[in-house]
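Following this line, the structures themselves.
Shared between the two complexes below is subunit A, which has subunit B as its partner in the first and subunit C in the second.
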Partner chain A sequence: MSKNNELVDDLVAKLKRRQLVGSSAVAHATLKLLIVVISKNNWSTCNQLLNVVKSVGQRLVQANPTELAVGNIVRRVLHVIREEFREAESSASTNKNQSEFHAAPLTTSSSMYNLLGETNSIPDDNVQYPSSLRSNIIQEIREIKDELENIYDSIKNQASLQIHSNEIIMTIGRSKTVEEFLKMAAVKRKFQVLVAESAPSYSGQDMAVELSKAGIETTVIPDSAVFAVMSRVNKVILGTHAVLANGGLVAISGTHMMAAAAKHHSIPVVVCTGLYKLSPLYPYDEDSFNVTFNPDSVLGFEEGDLIDKVTVTNPYYDYVSPDFVNLFITNQGGHPPSYLYRLIVENYDPNDHTFDL
Partner chain B sequence: MSKDFDVVSNYKSLLLNSPELSMPVAAIQSLVELIKHSNATTMSEFMLSINVASQMLKSSVRNSISLSAGCDLFLRFVTRNSQDVAEFEAWKATLIVRGQSFVEKADACRYKIAELGKAAENHKRFKVFVTESSQTHGGIRSAKVLRAAGIPTTIILDAAVGYVIDKVDMVLVGAEGVVENGGLINQIGSYQMAIVAKAANKPFYAVAESYKFVRLFPLNQYDLPTYNADTLSFQELNVDYDSKTNESGSVSSSAAPSSALSQTALHMKTSEDQASQGSNPLVDYTPPNYITLLFTDLGVLTPSGVSDELIKLYL
Partner chain C sequence: MPPKEKVESTEQVLQAVILADSFDERFQPITLETARCLLPLCNVPLISYTFEFLAVAGVQEVFVFCCSHSDKVKAFVKKYEKSSNMKINTIVSQELMSVGDAMRELDAKQLIDTDFILVTGDVVSNMKLDQVLEEHRARRQADKSAIMTMVLKKASPQHRSRSVGDGSLFVLDQGSKECLHYQPVKAFKSTREDRRMTMNMEIFDKHPEIQLRNDLIDCQVDICSVEVPALFTENFDYQDIRADFVHGILTSDLLGKTIHFHEVSDVYAARVRSTQMYDAVSKDIISRWTFPMVPDSNLQVGDCYEYRRGLVYKEKSVVLSRTCVVEEKVVIGANTQIDEMAVLSNCVIGKNCVIGANVKIDNAYIWDNVVIKDNCVVQHSIIANDAVLEQGVTINKGCLISFKVTVGANTTVPAYSRLTALAEGEDDDSDAELISDPAVVGATGRGRSFTEAEGSDDEDEVEDPKNKQVSMLAFDMSELMLSAKEQEDSASDFESEASDLEEDLISPEEELDREVAATLDRAFQDGHDVDIAVLELNTLRMATFSNFKEMRKRVIPGVLKHIDPVAKPGSGKTAKEILNRWGSLVGKMIHDEEDQLDGAYILQRACATLYQDVAQAQRVFAPALRYFYDEDILEEDAILEWYHSEKSQQGTDIEKKLREVAAPMIQHLEQSDSEESDDEDDEEDEDSE
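Entry: the complex of A and B
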């Protein structure tokens, strides 16, 4: 148990100090930790295991609340655990007639059907579980790990469907997912890409370098030129830091402007994202998930006189409302923002939205 | 048949005794009472009696959308349970027990939703503007309750929503019913408020218990079951002279020519008179694209998530 705590403390420290940033890296680290926690801990009932995972999850989320991928992975794991226990229970009690009738797969435990008061949403603690349960759970979690590792493949395979020849694509900043997506499309299609550089991080410039290495005709434009050029763009393809439950995005600064310009010109906006970025949380106000960075890159500290007289903020993320997004391309296919509630219901359990023990 | 048990009067007395009880829950409770008093001996007789009682309840109330939702849900509940009937009397007994727990769960829905908010309890500082709701004076009642809870509340005119909207951060309404596409049926004036909120870019939230999800798909305002030929009908002109005005007018008619105008002044029927005669609607329909989120006991839903929940129930 103490060894577990060391590992948890280690990850918590890394998250707090922002040594580990970015949804993908964070997701991988969290999953690795959870696999260790589940295999090394002693548990015999569902609730025990859920509590173990939830307590770890709580600590990790508190370490860095804006890295939503942490919470998402923990919720995925909790969902898997509940599913496995439910299956184990139903196979243990197939002799009862009731379970046969109610075999219609109910994806959540709190659907309206439960209002009619027949199924148990909390797994019973007194059932005898098959010994393979532990290994089944670990197996399922490893499948999530595989899914995470192959995430770029499943997304980029949809590339040639989305991009056609002689199109002008616009994107902003550096996103590995979008990069892979465009590189895959470039194998079969010839198109141009405009990359907005996204000041003050200028990550767009790195993106342009990578794309041109792959032989794609790329142009870097300043953020201020986005609206001006938008009328000649065919599609906007964006990456994102996180996707919220209403279909809104938490994406790099400048994305909201690009999406609004696209809407104005009626240009389709496509977001490429892995499902580990999909969070069941809602943005009740615009800046709930935002972080600010060093303002030095906006107004240098050398400008001594000015510093006292102005307030300089450097928000790293933008919130983009779901009205601006037309399509999400995920590793589970392409979906409109209105469909996300379904993906959330299928991958997460409503009891896990907050990690209350 | 259970002719001696009057389901409508039972329903009405339930509502009188507990004013906090919502209409659909009271309806479901009356139906459970009906089962207790039922003399039916066969399945089909039983189902028929419940259907008849349900119809009677629906037609007894003028604004019956949430009531319909509750009744339909209960009927669905009974149908679902009728699959495994071994022995009729025993099954009836189980049904009564399950029905009671259903009523309790339905009643608890409201408190589950309240858990989502609990703003005043958590000492969050906020203020509320409530519209007057001049027909039903609901706004004034709400203001009393909110002020008692220590929340600063201001009552505004129904017509002042557009004026006030820039001062607010969000709009929150209740619901009579939530329809299949995620749209909202609520007290008249809600649609207007939703349009104003959208124009001013403010989020519009609706709070509804899950038993209010109803299997309707209105295509426009006049597609609701509460709409009838009388609604918004034009009354005959020149019919509504107030007799008093006539008398006073005729007395001074010889005095001055301008009073001739007062004599012929049309005494317009006030909207209150119109409403009491049923020609002004009580509810309106808000399409889903105006609604940001729905807070229900099943969790926070986007309007598109509602139809999914309905399908799961009626599978």
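Entry: the complex of A and C
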């Protein structure tokens, strides 16, 4: 237990200090930690294990609430645990009572059913679970890990369906997912990419360098020119930091402006994202999952006299509401924003939206 | 965003030294009751920022030096250590009076075995030290004499995060990243030396291109090699790391050490040196310049701040009434309650505070458990834990209200007051009753106004009070300038500059006279070892470009002066006793035969001038001469030469008489092969008694 704590402390500290940022890195680290926690801890019942994972999850989420991928991974793991226990229980109880067997899957699959009925179908504590349970759970979690590792492959394979010859694509910021997606498309098709430079981080410039290295015809445009050139664009492809329950995005600042411009010109907006970025949380206000950075990149600290008199806010992310997005391309295929609720139900248990013990 | 994970570059344990004490009194009276490094800055103890800064840099072991309120620091560090992955050792030493003392202690204990980071316990910074460390190590590998790397931050001279009155002038070589000269700069230059800078001309020969920089914030983050503590031990008069150490190393040709710098520009770094800096750094944190060290990162365990638009940070448990107005740049701690119509702007409010109705708080720093009742107005002040402001109190700008002070109803506290609830003569005796001053805190109040202890005697130069003032909270430069008298003063300063040139100028000889006398007095008074006194004198000699002859001329009378010819044996003042103790000091100033001869003349003259009465002079001279002979400080040949030389036979009557005293000894010496006769021995002894 103490060793676990050390590992948890370490990750919490890294998240707090922002030594570990970015959805993908954070998701991997969380999953790695949870595997250790589950395999090293003593537990015998479902509730015990859930509580252990939840308490770790709670600490991690509190450490940096804006890294939504942490919470998502913890919820995925909790979901897997519930499923495994349920399976183990049902196989144990098949001999005793055949009729209960069918009730279980129903209650898990849709939240509507347990809205008025039984709130929970947490398995009985008295059931003897098979010894293979622990390894089964670990096995399932490793599958999530594999999924994380193969995420770019499964997304980029859909590229040729989305991008056609001689199209003009616009994107913003540097997203590994979008980069892979475009590179894959470039293997078969010839198209042009416009990248907004994404001030003040200018990550769009790095993106452009990477794309042009792959032989794609790339143009960097200033953020202010996005609206002006939008009329010539065929498709906007965006990366994102997180996808919220309503289909809204938390993406690099400037994304909202681009999406709004696209909507004005009725240009389709496609978002490439792994499913681990999909969060069951709902944005109650636009700032809820935002990070405000050091104003240094906007107004230098050296400007002594000025910084006294000016307040500079340098938000890193934009909230983009779901009506700006036309299509999500995830590792499970393409979905419209209205379908996201379904993905949430499939991947997360409704009891896990908050980590209250 | 790419992951910013730090790569561990070396297997060596990275060590850091934190000097938790500031060795000054700028936060008094608040620091009378708690340690400076535990003062809350945006509701987090100051030293936590330093720990955090070091943790990010990958430091594994930290030594915290503390002196005042060490028990509190220790308790805090212990608690903090549990939640961090660093090993933190606290070193308590009550004798610690300066940075120099801490470094000497460090050297004595041999705690450090590799390059280390030296910071003070009040640094707030989000810089990453990896690059600096790498640079330092590479430089060390190439050149062993590069002993230190200072981290400097660029910022305009009038920047709010620069501590007024603590400026510094750096002479730098951008090519080799070497610091060539250092000069502290005061806000008000009252003496002539303050206004000028002397630089070694050699700097211009050696370095084709140099920069003189006044636009650097020196936050005193240094990467030091192991030699640095040792150098402090060698030069035991070094106190300050900049004014003494850096300046000393750079001006000394003997050591041949170099000090380098690393200039950073896109990160934040500042030191909370004064109340004025406390204000500035708090604002920088609230404005997120220190990101990710901001309140909503919740770096302290148990904190749960949320960021709201307009730079408002609020704990979840805060109760805001419906009509209160929280304007821009506000931090509100846990369980605090804000009543109707209260207006808060640019302020930090601690945990468990109660802010009454209609209260206006602007620019103030209110710590934990403070109660501010209805209709109070607080401007630009610091109010420490457990203070109470009764109804209708007005606190004007620049006030420091210390722990547990109660200000009675409808009182107006004038600007720049410092109130404490600590009884006068505070040290230790807790039974001393606090005498509240109703004129200051109102009829029902509790507390008195605090006055600084006058004339802190260990400071050798009296600081210009204006320099102290400018570093105070909310201090307005214009106020100072506008007072008419001051204006005249500064104007006349310029005119009189030329004329006071001569007045000010003390000849180097006089200067040396004074210094040697002071050194010896100190040595006698404090009972130093002879070795230490010799070291001090040698330093002095080198510092003044003087030679041994000059030193002898001053040291010999200096030692003899302490002999009391009429003292009784055992009093420690007889010639014999003094000489036994300090005689070897003279020996250290005498090297070859020529020196010896010279020494004899000086001895003769010194005795003659020090004592008007012949008998007394003889009583000192004879045993002294004998002592020097016995100890081989003056050898036979030299004494004989002196005796027979013409020079010794001239001079005043007393000098001549003294020569005669030596006659028996000379006779004895001249029977060169004979052994010492006991008779003469007795005779001499009688003489000396």
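Everything that follows uses one rule, which is that the second predicted complex is superposed on the first by the 334 of 357 C-alpha atoms of A that agree within 3 Å, B and C clash if a C-alpha of one lies under 4 Å from a C-alpha of the other, contacts with A are read in each partner's own complex, and residues count from 1 in each chain.
Just so we're on the same page, a contact is a pair of C-beta atoms (placed from the backbone, for glycine too) under 8 Å apart; a residue touches a chain by one contact, two chains touch by 3 or more.
This one's a predicted model, so the numbers in the text were calculated from it and none came from an experiment.
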Is A:Asp308 contacted by the first partner subunit B, the second partner subunit C, both or neither?
second
Which holds for A:Glu346: it touches subunit B only (first), subunit C only (second), both, or neither?
neither
Partner chain in contact with A:Glu217 - subunit B first, subunit C second, else both or neither
neither
By residue count, is subunit A touched more by subunit B or by subunit C?
C
If you stack the two complexes on chain A, which partner ends up touching A:Glu149: first (subunit B), second (subunit C), both, or neither?
neither
Examine A:Asp287 and indicate which partner it touches, taking first as subunit B and second as subunit C; both and neither are also allowed.
second
Going by the contact rule set out at the top, does A:Gly247 touch subunit B (first), subunit C (second), both, or neither?
first
Identify the residues of subunit A that lie in both the subunit B contact region and the subunit C contact region.
none
Interface with subunit A, subunit C side, in the complex: residues 1-6, 52, 55-56, 83-85, 126, 154-162, 265-268, 287-292, 297-299, 304, 307-309, 311, 328-329
Residue set of subunit B touching subunit A in the complex reads 73, 76-77, 80-81, 83-84, 98, 101-102, 105-106, 109, 210-211, 213, 292-293, 298-302, 304-305, 308-310, 312-313, 315
Of all residues in subunit A, which touch subunit C in the complex?
6, 9-10, 13-14, 16-22, 25, 62-63, 287, 292-297, 300-305, 307-308, 311-314
Going by the contact rule set out above, which residues of subunit A touch subunit B in the complex?
97-98, 101, 104, 106-108, 110-113, 115-118, 245-247, 282, 338-342, 345, 350, 353
